[in-house]
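Each structure below is given as structure tokens.
Both complexes shown next keep subunit A, but they swap its partner, so subunit B is in the first and subunit C is in the second.
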Partner chain A sequence: MELICPAGTPSALEVAVNAGADAIYCGFSDETNARNFPGLNFSREELGEGISYAHRHGVKVLVAINTFARAGATDVWKRAIDDAVGAGADALIMADVGMLAYTARHHSSQRIHLSVQAAAANPDAIRFYVESFGVRRVVLPRVLSVPEIAKIIKEVSCETEVFVYGGLCVMEEGRCSLSSYATGKSPNMQGVCSPPSHVSYREEGDKVVSRLGKFTINAFAEDEATAYPTLCKGRFTTSHGTGYIFEDPVSLDAATMLPGLRDAGVTALKIEGRQRGRAYIESVVRTFRQAIEALEAGEAIKTGSLIAMSEGQMTTAGAYRKTWR
Partner chain B sequence: MQLTLGPVLFNWQSDVWRDFYFQIADEAPIDVVVVGEIVCSKRSPFFAEHMPTVIERLVASGKQVVLGSLILISLPRERRQMAELTGTEDFLVEANDLTCVRGLRGRPHAIGPFVNVYNEATAAYLADLGATRICLPPELPLRSIATIAASVPEVTTEVFAFGKVPLAISARCYHARIHKLTKDNCRFVCEQDPDGLAVKTLEGDGFLSVNGVQTLSHSCASYLDDADALARAGVGALRLSPQKCDMVQVAHVFRNVVEGRLGAGDGNRALSEIYPGVPFANGFLHGLPGAELAEPVT
Partner chain C sequence: MPKPDATISPLPHALSLAMRPLPLWPLQPLLAMFVGRIRTRHPGMFERLGEHSQKRFGLKPTDLPFAFVLEPKPSRPVAVATRQLPSNLDARISGPLGALLGLVSGECDGDALFFSRELHIEGDMEAVLALRNAIDSVGVNLLGEFLAELSPLGAPVDKLLRGHPPQRPYAGNARKGTQPWN
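Presenting the complex of A and B:
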């Protein structure tokens, strides 16, 4: 299985290449990609240099142009597509039907991967993208169990890629407007979720209260570790009590699922985290490289070594286990 | 301007569901009615027995019936249901996922608000495949709506204009989770909350509503103030999403406002009496946080 690693900066790209990535994914510094954070991502020049560096080391570069193009401004997305193709990207990661059609028409030999943002969760949806745009690989949404993934792979002609580590969307990706409901900024349109620009922390009595826009997302006692106020991982109240009603502040760690994912026929394993620093990238990439090597050698996979890296220091295998639902 | 009644998103008792549509058929000034369980396939059997009589009554009342597809299709059973649905030739089918577009392409169909149509290129592509109606995603601002509507004049562009806004869909059932159950053993606890389960912040502010695998806003979208601007932008239909309130009266208010018989201000006052205790919002249309209420565009 290939190991697909994130890079938010040129130096993170080099770190990931050297730590054992088979491919790096990255995006331009604008709203065309789903990790549009200040100070992150690549200029045109940096992408060209990054691709050269990666290619010299036998590593591929996949360029994410995976937000949904803004009406009246599709030229911004088309330029990103043209420039990524021109820079020699090994694949574009895309979700917008209109931009997929543009790429298939104007860059017919360009390899296209379907972004998780396209939310293609069954063989019929995947076939639509394969037949319509020649998509060669689909990144599966995080709503499927391993047996379901195995069944999908038997039915589709393209490759599949799945997330194995990092931030965990509990809602189906590409179909979530929770962030824009609270902040006006969404993953689909601006490429951000629960953006730092709308986050505030305030001490209230003996608690630290986190807010997103006008809404309180969580409150932490002195002895509790504070977590970033990602909307779906906040503490809320219903008539049945108070708690993490959508999901705890956990991140995904599917290291224990690797044998099942391999047996299912998954082509590539993806690590989330283009917003993460070099130390994180280096540690996570190296750990998963070792896990894949152990798997290929028929040895046991060491688990739990990445706990310190994870959000809230708790992890879950998410929807890969059916009981998560 | 057409008025469309969106599908009931909540798990209503099946006889309540049936009687609701009978009343809509007989009394509501609605042009198009989308029916079908689109949120959770486990609920579908409850409504199936009433579906033929509901459709018959709506058709007899002169309303156009559109059949809505599931938002998230992952199980084999759901794929079979959708294959059957897209095989329907008697009614227009509204695809809420591109899964169904694959089965509908080449003949007239509708695109629901859960398909990501954010720009003119996507709208044109889907129109080429046979889309005759497109209900745009609720988070779109007016500027995007106007650009898209102008680019596909042959398509009826529709906007989500009333109701708690569907914000997210998940594989996980939050109703089951809150009741310490799992999705497979959910005991249909979502039926306890026919208008959604209120989710408040720790400070007690209304924030969201849980509806099984779906999460909606706590506030109720109302684009009544903006109906004029939407008409000028080329929008051909406003979608009213059923809530636990008098939807016949909601439809009358919208009809009277879009036809100039009632001012938007009076309309808003009427809506807050018909659906009391729920804040109204239109922030998405104005490029603001969706929870906010902005002054109308003049």
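Presenting the complex of A and C:
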């Protein structure tokens, strides 16, 4: 299985290459990708240099142009597609059907991967993208169990890629409006979930209180690990008590699921975290490279070494291992 | 939520107490040289900050009796040492010296330090994120590079401060195929 790794900066790209990535995914410094954070991402020149560096080391570069093009501004997305193709991107990661059609029409030999943002979670949806736009690989949403993934793979002709580590969107990838509701900005349109311009962490008494826009997301006691201020992982008080209604603040870690994912026929394993620093990239990529090598050698996969990198210092196998709560 | 698991050891309290009477003026020319060198060698770092290069950042090592104020203007970046952080800052970042140095060297992940409660951030989160990403984008240990230029003793001092040996590149890259996809 291939290891697909994130890079938010050129230096992170080099770190990922040197830590054992088979392919790197990255994006331009604008709203065309789903990690549009300040100080992050690549200029056109940096992308060209990054692709050259990666190719010299036998590593591929996938460019995420995976937000949904804004009405009246589709030129921004089309320019990003043209420039990524011109720079020699090995594949484009896309979600918007209009931009998929543009790429298929104007760059017919360009390899296209379907972004998780497209939320294609059944064979019919995947077939539509394959037949309509020549999509070669689908990144599956993090809502499927391993048996469900195996069933899909049997019914589709394209490759599949699944997330194995990092930030965990719950249930509604590509369709989530929580961030938009709270801040007016979303990963789908502006490339930001819980934009930092709307985030605050304040010490109030003996607690640290996180807020997103007008919403209080959490209050962490002194002896608790903190987490991102996302509404889907907030701690709220309802008539049933106080707790995490949608999901705990945790990171996905599917290291223990690798044998099942391999047996299901998954092509590639993806690490989330373009917004994270070089230390995260180095640590997570190296750990999963070792896990893949252990899997291929028939050895036990070491787990638990990435707790410090995980949101809330907790991990979960997510939907891959569905259980009742 | 689990108890936060700290990864950085703070400096001994006795050391902090011993440093309290020391004057700050010898630090000022060193800090000026440090940010000046970054501007010369890594101008892209300041450009990455965009509008946030006009912000004022307070950096407070919680295990030292002084703090720093950083103004990362691309044309003339300024860093000064101060006993107390002023109130008119856009953002404050505090944590053990080892954590702050780890961010500058790229050996610590800012989010991980935040999860573990070793790093505390107040104020303009967008500006802090931009600063973190800009520093991380440089791809070298800024402090180590400066110390190495400053004196022959710089490299060993840097090694002592960092504590982590650099990782070797993945050997399997040499075996990878270069078959193009397109």
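Here is the rule we use: the second predicted complex is superposed on the first by the 323 of 325 C-alpha atoms of A that agree within 3 Å, B and C clash if a C-alpha of one lies under 4 Å from a C-alpha of the other, contacts with A are read in each partner's own complex, and residues count from 1 in each chain.
Everything that follows uses one rule, which is that a contact is a pair of C-beta atoms (placed from the backbone, for glycine too) under 8 Å apart; a residue touches a chain by one contact, two chains touch by 3 or more.
Small disclaimer: the values here were computed from a predicted structure and weren't measured.
With both complexes brought onto subunit A, simultaneous placement of subunit B and subunit C is permitted, the two fitting side by side without a clash.
After overlaying the two complexes on the shared chain, residue contacts for A:302 are found with neither subunit B nor subunit C. In the superposed model, A:276 lies in contact with subunit C only, and not with subunit B.
In the superposition on chain A, A:102 contacts subunit B only, with no contact to subunit C. With both structures placed on the common chain, the touch criterion links A:17 to subunit C but leaves subunit B unconnected.
Seen from the CA centre of subunit A, subunit B and subunit C lie at an angle of 130° in the overlaid model, rounded to the nearest 10. When the shared chain is aligned, subunit C comes close enough to touch A:225, but subunit B does not. When both complexes are overlaid on chain A, the residue A:181 reaches subunit B alone and has no touch with subunit C. Once the two complexes are laid over each other on the shared chain, residue contacts for A:196 go to subunit C alone; subunit B is not touched. Subunit B and subunit C never share a C-alpha pair closer than 16 Å once the two structures are laid over each other. In the superposition on chain A, no subunit A position is in contact with subunit B in one complex as well as with subunit C in the other. Considering their complex, residues 1-5, 7, 48-50, 52, 102-103, 106-112, 114-117, 120-122, 125-134, 136-140, 167, 169-170, 172-178, 180-182 of subunit C touch subunit A. Against subunit A, the residues of subunit B that register as touching in their complex are 71-76, 78-79, 82-83, 97-99, 101-103, 114, 116-126, 137-140, 143-145, 147-148, 165, 167-174, 176-179, 182-184, 197-205, 207-208, 210, 215, 217, 283-284, 287-291. Remark: subunit A residues 68-72, 74, 95-99, 101-102, 118-125, 127-129, 131, 142-144, 148, 151, 170-172, 174-178, 180-184, 186, 188-189, 209, 213-219, 232, 235-242, 245-247, 319, 322-325 touch subunit B in the complex. Residues 8-12, 14-15, 17-20, 22, 37-40, 55, 57-60, 90-91, 109-111, 195-197, 199-203, 208, 220, 222-227, 249, 275-280, 282-283, 286, 289, 293, 307-314 of subunit A touch subunit C in their complex.
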